[in-house]
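Multiple structures are listed underneath, in structure tokens.
First subunit A sits with subunit B, and in the next complex the same chain sits with subunit C.
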Partner chain A sequence: MSKSERPNLLFRNLNAKVASIPMILTAMVIFVGGTVWTVLYSFTNSKLLPRLNFVGLDQYYRLWATPRWLISIENLLIYGAISLVFSLVIGFLLAALLDQKIRFEDTFRTIFLYPFALSFIVTGLVWQWLLNPDFGIQHVVRDLGWTSFSFDPLYNSSIVIYGISIAALWQGTGLIMCLMLAGLRGIDEDIWKAARVDGIPMWKTYLFIVIPMMRPVFITTLVIIASGIVKVYDLVVAQTSGGPGIASEVPAKYVYDYMFFAQNLGQGFAASTMMLLSVVIVIVPWAYLEFGRRK
Partner chain B sequence: MRYKLLTAALAATAALQFAGQAAATDLEVTHWWTSGGEAAAVAELAKAFDATGNRWVDGAIAGSGGTARPIMISRITGGDPMGATQFNHGRQAEELVQAGLMRDLTDVATKGKWTEVVRPKSLLDGCTIDGKIYCVPVNIHSWQWLWLSNEAFAKAGVPLPKDWNEFVAAAPALEKAGIIPLAVGGQAWQSSGAFDVLLAAVGGTDTFLKVYKDKDAKFAAGPEVAKVFKAADDARKMAKNTNVQDWNQATNLVITGKAGGQIMGDWAQGEFQVAGKTAGKDYTCLPGLGLNEVIATGGDAFYFPLLKDADKSKAQEVLAETLLDPKTQVAFNLKKGSLPVRGDVDLNAANDCMKKGLAILAKGAVIPWTDQLLSQDTQKQKEDLFAEFFAKPELTVEDAQKRFADLIASAD
Partner chain C sequence: MSMADIIAQTSPAAGAGARQGITGPYGPKPRRMISRRNVFLYGTLFVMAVYYLLPLYVMIVTSLKGMPEIRLGNIFSPPLEITFEPWVKAWSTACTGLNCDGLSRGFWNSVRITVPSVLLSIAIASVNGYALANWRFKGADTFFIILIVGAFIPYQVMIYPIVIILREIGLYGSLSGLVIVHSIFGMPILTLLFRNYFASMPEELFRAARVDGAGFWGIFLRIMLPMSLPIFVVAIILQVTGIWNDFLFGVVYTRPDTYPMTVQLNNIVNSVQGVKEYNVNMAATILTGLVPLIVYFISGKLFVRGIAAGAVKG
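So, the complex of A and B:
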């Protein structure tokens, strides 16, 4: 009487599937659809309005012959390396120090996390003032008597990107510290005890036992930092607007400027496609290693 | 006096006529005039339009043209057009017109005899595409000014220069007195604009047109333009200690005597006025850098998106007429610090520098400006080049000129 056939896979867990339809649609139409559309139009000579007038790879040739784009890429690499390495190292060190059961841990944690509550625009403006030679750090130190002191990274083309990185680290390290701290708290006390019994020095315990165990936390952190690197834009706008000259330009700013100020959508799309490509190049091998192995 | 009465009477009759024609219609007007002087100027336009029995709904967009234009454009292309919108006349709205999104004003223009009253005539060219008129120019802003601080030169003990060459010669003395010879803010458009001014002043009108109008890349790589790059090299050396970003901060350096001079458009004059400085006594202006007294006919204009609503379309016509009304022109431009687009208006209240500008305009020594000649795309590339040139001493004059010539070769 009763059929014992398996329920159709498609209708299993129907409520959950219905509920996720809006998100699936959003993802397909906005993310995937928008991406395909952008890539398609990057092969056209669209100016102010999108037009399907294909010109092959012209926009890409022009892009890679533009000094400003090359400087942007170079800056992104420097900025990326600095924020990746330093926010991980400083974030982890701060977390490890906070993890030593110190007094007023909450206070310190709040202080370190506070900058993260500020937007990049505010951070950028604050550091623009701090690094201004006429009334910032340099001015204060000179007033203290050290008159030859010079610290004006934002006004020096060759080091301006480091000045921007300082602000980014100041803003972002607190969050990394919190993530790391959560990871450290997830490590079982017994592991520490066992390491102590074995007489392993503390730094070795961290390096060879704790950090490998914190792999998931590190991956989350990496994704957060990496996405922050690729999309960096507002910090640069607030601190230097790309100056001096074009020494602190970044790819996202190139995309925005060429799409909206220069009214050249094709060029902006080509640049954003290159940004997407760089993300894909990083993500795909990693995703392959991470998820491909399990099968 | 008689003239004033006459215009008042004209305006009154005009107002009556319009009031009879149309009931009050709201018309949203977007623009990016938000600083003190600008807002006061735009209020004059609103007052004049309200007097016709319609209502001006102010759609000011804070920021600058660069911020406002994408918003305006996306509203027009997105199917939510405003009643009228500001653009710099020239090529900023070119594609919107070509896409048929903007209203053809030729009928209104013929009725108002715009081709006769608008001066200089080339101003309307910026509004004309395929023989049809699409915008109403409201003012003339020119870039070709060198603003000098009398105080700074007195302090350095050198006589006030009469042209660019004397200014360059005086630079070492200024530097010795601890004064920045030339203030150039860090924003890209400032260095790019300064170069364009040098191109027209040092190179001359023909050179300017050959490069930007004919887009002759070979000429741009040649000796005439090399001379201009030499001058730009002088300029960047003179400007190397300017640690400010915004143009008005740079102007402020001149106002306070910390800098000798600045190449900036006539909008800088508003800053001098706000600071209570008098032209001729506290500061001096040299149109065309004292070398080639021309004025570029850049400026602002209003465009009217094509609307379906008949009442609003009617109100658009009224607004277009109001903007060019002699009374509105005077009231607006005095507050804005720009020159009116009509030759037949009375500007007794204008100050020395404005009068110099009017005299040049009356002589007809005008050139079209880059907004009219070059696409936004080319302008942006040019800005990138000169921002780099002014900030990076390692970029040689020869390399920069070569890149400039390449840019002109691909310009549109």
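So, the complex of A and C:
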């Protein structure tokens, strides 16, 4: 026992370093290396194979002149705004309802959260079926007698992204509810008592006292929702495959299609770099606010 | 407080007083089991619950109907004649491209992807988190911060470099390649999870073990592991659902005969050839969602803990 005391110092570092090799490799080779590589090659005219043939910002000019990319960005903004607003509002309202010391809280929570266990593919396919104009909700309502009723978001290019958002909200609000509920449970019971004594109505207590107190929870939730929005891909593939036409394309799908189908790697890299940029725009101010201020 | 609630529900006189105290000073309302507040509260929750359950209901109902019934009837009506044929077909004979052996192929592929990925990623991340919490070396925190920041980088940025790396080492298109990819992308959140857990353990435990001469692996295997069962369960839940539900990595890093279940499901349902068999499609969809659903319903509160942690991954 005492024999191993001395060389322990050396072994300690050695073992920890050996154990950290996967982390170091992942961090440096994949995260840093991969990102730098992709950004670098986004300035080349790589087609089928990556080639270091620099063309400056050509790929970016082409990207922003491609209608499909512009539609993707527009869709992402609409989808993002809807996800952000509705999942926050619905998530918070559900959490507030569950926080009223109700019966069957666990049952309700289980019901609201189960879609989150399902993949986007499953979610997309279910909603594709529900929104099918020949069999789904539209058909059912028409059978009830309202024959002019029209609800076919997945087949109408002007509203298709809303149809996708419905599915996304169904899948994701449970998570937001859970985070909000955790936040609400963190509020001191005395705050509620004080508000009650002062005769402040419940909605005012929520709006002016509780929600401002939950600022950290809201910020974390916002970051989670935002980074999920940028990644939206499987849902669109499953629900519409980008259709009708290119009406429901999203950036992540643009990247994938250009890299693996169109054999236009340069475009794919430029598009993915733009995605990275959008994340940086969201994350950096948040990181600055959260961590910069503390120092 | 929950006791007061049960009373509120069962004995109106006692409950009314406790509840009305919230909204105003007027005395107990006379014997009303159903207060307006409760009607609103439970009514809203009930309506929302119906909305959340409806897709699951429609999925199950559709998968149990025959095609003629689907064509004539409405999606919400229960099946007149229950048939399990769509399930059998979805599992064993549905076609994707040239393969007509159903979703079973994808299911077993997913099993062969998920099991090693979960084991490998958790093994790596737990040792890593332990090293970061207890055996810090110079520069360790820098790598860790890069790892966590890296979790926010869109996967699309790193997809292609990984294709090249896997091609170089001859694993592109194989299940092992995909296992490596899952281990890489599971690392940030899992490492964070384990690091925080190990760091919250009493320092004295670690010190006492050191004094007794235990080394890096000794402490990990004999002291840390036995004490961290809950966090391992959380990590397993997180990884099983995450990896099972993955689509992007599956479609990028595997070939048609090694496609995971989600990719195969999408190909079956969204295939353009042939007559659409909605009942088979829905049976296939349920089959694919079944594994994470079972994990969810069994794990209950631990799942909530897992996603609360996993949510950081975004």
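Observations
We adopt the following convention: the second predicted complex is superposed on the first by the 271 of 295 C-alpha atoms of A that agree within 3 Å, B and C clash if a C-alpha of one lies under 4 Å from a C-alpha of the other, contacts with A are read in each partner's own complex, and residues count from 1 in each chain.
Just so it is clear, a contact is a pair of C-beta atoms (placed from the backbone, for glycine too) under 8 Å apart; a residue touches a chain by one contact, two chains touch by 3 or more.
These numbers come from a predicted model, not from an experiment.
Look at A:228: by the touch rule set out above, it reaches subunit C but stays clear of subunit B.
Of the two partner chains, subunit B is the only one that A:68 touches; subunit C does not reach it. By the document's definition of touching, of the two partners only subunit C reaches A:237; subunit B does not.
When both complexes are overlaid on chain A, the residue A:143 reaches subunit C alone and has no touch with subunit B. In the superposition on chain A, contact of A:17 is made with subunit C only, not with subunit B. Touch criterion met: A:260 reaches subunit B and subunit C at once. If you count the residues of subunit A touched by subunit B and by subunit C, you find the higher number for C.
Legend: residue contacts after superposition of the two complexes on their common chain; A:185 is shown touching neither subunit B nor subunit C. Residues common to the contacts of subunit A with subunit B and with subunit C across the two structures: 241, 260. Touching subunit C in their complex are the following residues of subunit A: 1-2, 4-5, 8, 11-13, 15-17, 19-20, 22-24, 26-35, 37-39, 50, 94, 97-98, 100-103, 106, 108-122, 125-130, 135-137, 139-140, 143, 170, 174-175, 178-179, 182, 196, 202, 220, 223-224, 226-228, 230-231, 233-234, 237-238, 241, 251-252, 255-256, 259-260, 265, 268-269, 271-273, 275-276, 279, 283.
Only residues 1-2, 4-6, 9, 21-23, 41-42, 44-45, 48-49, 51-56, 58-59, 62, 70-71, 74-76, 124, 127-128, 130-132, 135-137, 140, 143-144, 146-147, 149-150, 152-162, 164-165, 183-184, 187, 191, 210, 212-213, 215-217, 241, 244-248, 251-252, 262-263, 265-266, 269-270, 278, 281-282, 285, 288-289, 292-293, 295-297, 300, 303-304, 307-308, 311-312, 314 of subunit C touch subunit A when the two sit together in their complex. Residues of subunit B touching subunit A in their complex: 66, 69-70, 73, 77, 92, 94-96, 99, 186-188, 243, 245, 375-377, 379-381, 384, 387-392, 403, 410. Subunit A makes touch with subunit B in their complex at residues 47-49, 62, 66-68, 132-134, 155, 157, 240-247, 257-258, 260-264, 267.
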